[in-house]
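Each of the next two complexes has subunit A plus one other chain: subunit B in the first, subunit C in the second.
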Partner chain A sequence: MKYVDEFRDPTMIARAFEEIRTLADPARHYRIMEVCGGHTHAIFRFGLKDLLPPNVELIHGPGCPVCVLPMGRIDDGLELAGDPHVIFTAFGDMMRVPGSQGSPLESKARGADVRIVYSPLDALKIAEANPDRQVVFFAIGFETTAPSTALTLLKARANRVRNFAVFCNHVTIIPAIRAILDSPDMRLDGFIGPGHVSTVIGCRPYEFIVRDYGCPIAVSGFEPLDILQSLVMVLRQLRDGIAKVENQYARVVPWEGNLAALRVLAEVFEVRAHFEWRGMGFISHSALRLRGEFAEWDAERTLPIRGVCVADPKAAQCGEVLKGVLKPHQCKLFGKECTPEQPIGALMVSPEGACAAHFKYRGAPQLVTLG
Partner chain B sequence: MCLAIPAQISRLPADDDPLATTDIMGVRRRVNIDLLDADPPELGDWVLVHVGFALSKISAEQADEQLRLLSLLGEASAAQEEVEGYDCGDGE
Partner chain C sequence: MATAQRPVQFHSKQISMAHGAGGEASRQLVEGVFLPAFANSLLNPLADAATFLIPGGRLAITSDSYVVHPLRFPGGSIGELAVNGTVNDLAVSGAKPLALTAAFILEAGLPADVLREEVRAMATAAERVGLPIATGDTKVVEHGRADGLYISTTGLGLVDPRVDLRPDRVEIGDCVLLSGPIGNHGMAIMLARAELDVEADILSDTRPLTHLVAAIVEHVGGEIKWMRDATRGGVATVLNELARDAQRMISIEEEAVPVDSAVRGACELLGLDPLQVANEGQFVAVVSAGMASRALEVLRGVPGGEQACILGEIIAGPYSRVVARSAYGGTRVVDMLIGDPLPRIC
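Moving on, here comes the complex of A and B:
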């Protein structure tokens, strides 16, 4: 496998920066949120924000599924894992995320049967191979991963696997964006829309941003040139005083999304009345739960889950960072009590988390340079 | 879990089986293609895989770009670990 260690079209990157400088009115300050944690990671990694004009500010959004999960849900999951009858399965990204009694990895060290899976299908396979144990899959993620959980549940039903349960923590991105737009301490001028989530939901669900809030949005790919072109799209709309949904990532994202994925989501899940997000409180209709037809496989219906609410450690400011109100380094714990080795908040664990990305790449040589 | 990993279809599934065999990060793995029902991939096509499920068809050029991006973001080894970890069969 060969990797070419250079960017697509460096001259086009330089041209995009030039265009951004021309479009940005020096008399204005632009606050543009990149919703997706993958974009946050790329922006830090490529050093893009340091090359933008100082009045074009990128605000990191809530689109990192590991980061937005409140501690209570992790504690609930790990309480299940503590039962010797249970095999607790989760994606690797979850393993180091701290709950109030430690992370899944620490639970494992204390003797719980905690296993990493890379696909929900593998969790189902573990259940089929261990009929005398209860297998719990800790499902997390936005609309990108939720269809996989849905198809796995359909397979569990078809194969009549009774010892498999999903602890559903799937969240949906649109209500989170609305909550941020409604929050009084936040003023945004536009959005860089998430790329992979949009392969599922398409571009239409963002129309409310344009209609109700007058904000431009460009759904974006993840390469430096993609992100810069999306910024150009947003700034051009702002210059022209218009707002619409643009699709910069049309080579992967269909405008209508993935209808098969939307169909299985609707078949297996229903929207929760409300769900708690880390540091952002309860957001209405912002998460999914299993429909009644799948009650047998729903850990929240068949297994003892207390549904605890656990506040973040007092000094931690994960919520402010997730909402974009604070920059990662403005958290009092950043780089001191909270580091990737000793994370206090989940934002310091995942590469998509703003704090981890900022910590890792601060002072690192920039990958994108202008000449 | 947030990684989108390009895979090339090397064998199509038999009837009713949702798992196609793919070459993915130099490994042979079966991935679920149920979500591509509307426009099923053909032999040699490229798809983007999330947690063992193909979510979109992409061009060979786009597959190349995605591999390069994973490597630039320092996520190539995580992606490799993920596909090595897929346990749903190696297609044999």
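Moving on, here comes the complex of A and C:
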């Protein structure tokens, strides 16, 4: 883990904080969004938030794949899981995410055959090992996880595995960022760009942020020093009055992305006309579905899926929190009806969800001053 | 004491896996269902073992059931766990184990060799600490009604007269000691379940803690104020229980937490916090500030205690919370585990 430790080095981190303090103009207030849930998690996990100058505010973005999944899709998936013939597989991330009838974990406790997999390939293996059962893989994630779903589908086709189907919920990050930038109640000064997604899509797709909205962005890694260095990049651009796409995570993210992965994505998936995002409504061209050639493995085409639309509980304000308009604790349900134990919104479930992260700090606002 | 300030309500309509995972949900089950029904002075502190005075000393009694899948895993097996786990509950109560009982629930169809092997594992583990398995019971249930083999053990021990373990003795400035590297058992089990295709050489840390505990009791005795083995829910959960029961704030140093590199790597990969991963051979002790370095020295001198450390301290603070401080001064809240640890992928 040597490589990682470098990016946790206390002296380097102290220096980066110092630089941020120098760059931040005390007369200004900076609102910088970290798009990716992985960054939100790291910011809390490493306690970075409280060490920033008070006028540098981090807004948590929509980049947590389970947080943006609408309840209806989960209900659809769990309806499939309820069939005793079906083995329902999903990532661990999904297990506690509530649909209107409970979470996958609760379905499992009620007797459904729900299994956690680490990769869609494992789900395919389960299908091969259980030829008399229908195996469904509940696919979620941005461009980060979509290539492995695509590769699995290619393999399913090559091996002629007929009892395997993908319920595709893959979403794409760019339309979501655009939706946020277009939302009237939003004002952002800059972005910390997603790290993992960018390893696939590269940095070029972010150019519209700079061009059309004049916002600086730095694609960032996930270690504390990565995030701070990205903040330095954004603040420096703001000081100099320029806007460009910078790549802090160049050790992992190629500017052009991963062409092989992009090719596989294009071979297997096509863009949906529109897709519902939890709390944000329908966003055009924001999700992927299987191409016609893969119809045989497409749960939406071969299995009975009703495509239900379930409204979130009225008082839940997940959308506003997702877009960064409200802070989690400003949601009416925060910490009352909605807790990590009994979550209403997915933002309260995932460790990458802004509400779960904030909940940990409930009632403990001035922790840093204690030591 | 361990009873919550406010009576806990149990709202769940049915039992879910989370209720057995040792975190917040388990606490609600125990305090919302069992405690109100059974309430008595022995149970109420909800300690690892109940202790009561008899002529000539203080007895400790504890009981635990073992359901683990798979039955054998790298570094141990259910039989070994069933002895060590109960022995450890006695040990961290400051008691020397005297005798053990064992009850078996067997599923029809269980290969006799599997049972024989686990019984042998139990015998070996019991011999290791010189403990007789004094009585037992066996039931067989129909095939499909149990997961091969469940074992339940009860342990009886005699509390060392020098120890007095109570959360209300815990004071600001006291040090929190940890016996060694964490996360091995939970990760070994998670990887052994083979649902996740992640390979790493991680062995369960299941072992008796008697000799380690005996050593610090011998040298610092009454200066130990609280002890617990960090099983389900990991160190994070026991520290949160301590924070709540003692109504104190606990600060630990992130850098001090000993984690083997394979465990750290697997945790990073699966998005888990080693502090929340189960152990079967580590304990946490609170020792007065003045005796903490002595206790550490003693622990490190015992085979198996070489990696013991001072994890943190009890600090002044308005919240009964656990916080971890990073090397560069960042602070995060260390929460109890909710449900089972689940790997994160995306």
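Definition applied: the second predicted complex is superposed on the first by the 352 of 371 C-alpha atoms of A that agree within 3 Å, B and C clash if a C-alpha of one lies under 4 Å from a C-alpha of the other, contacts with A are read in each partner's own complex, and residues count from 1 in each chain.
The definition used in the following text is that a residue touches a chain if its C-beta (ideal position, glycine included) is under 8 Å from a C-beta of that chain, and two chains touch if they have at least 3 such contacts.
Note that the structure is a prediction, hence the values are computed from the model and not measured.
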Looking at A:Pro65, would you say it contacts subunit B, subunit C, both, or neither? Reply first, second, both or neither. both
Output check: A:Ile32 vs subunit B and subunit C. Expected answer is one of first, second, both, neither. What do you get? neither
Using the touch definition from the top, say if A:Ala260 reaches subunit B (first), subunit C (second), both or neither. first
Figure out whether A:Val136 sits in contact with subunit B (first) or subunit C (second), or with both, or with neither. neither
Once the structures are superposed on A, label A:Arg45 by its partner contacts, choosing first (subunit B), second (subunit C), both or neither. both
Contacts for A:Pro147 in the overlay, against subunit B (first) and subunit C (second): which applies, first, second, both or neither? first
Can A:Asp93 be said to touch subunit B (first), subunit C (second), both, or neither? both
Let me test your reading of the model: by the given contact rule, A:Pro340 touches which partner, first (subunit B), second (subunit C), both or neither? second
Who does A:Ser119 touch here: subunit B (first), subunit C (second), both, or neither? both
On subunit A, the residue positions that both subunit B and subunit C contact, one per complex: 1, 4, 8, 41, 45-46, 65-66, 91-93, 116-119, 121-122, 140-141, 144-145, 350-352, 367
Which residues of subunit A touch subunit C once you look at their complex with the stated criterion? 1, 4, 8, 10, 13-14, 17, 41, 44-48, 50-51, 65-66, 91-93, 95-96, 105-106, 108-110, 115-119, 121-122, 140-142, 144-145, 224, 340-342, 350-352, 360-361, 363-364, 367-368, 370-371
The answer for subunit B against subunit A in the complex is residues 1-2, 4, 18, 25-26, 32, 34-38, 48, 50-53, 55-56, 58-59, 62, 64-65, 67-69, 71-76, 78, 81-83, 85-88
Subunit B contact footprint on subunit A (complex, rising order): 1, 3-5, 7-8, 37-38, 41-42, 45-46, 64-66, 91-93, 116-122, 125, 140-141, 144-145, 147-148, 151, 196, 199-200, 222-223, 251-254, 258-261, 264, 350-352, 367
Which residues of subunit C touch subunit A in the complex? 11, 14-18, 24-25, 28, 195-198, 249, 251, 261, 264-265, 268, 270-271, 273, 315-317, 319, 321, 323-333, 335, 338-339, 342-346
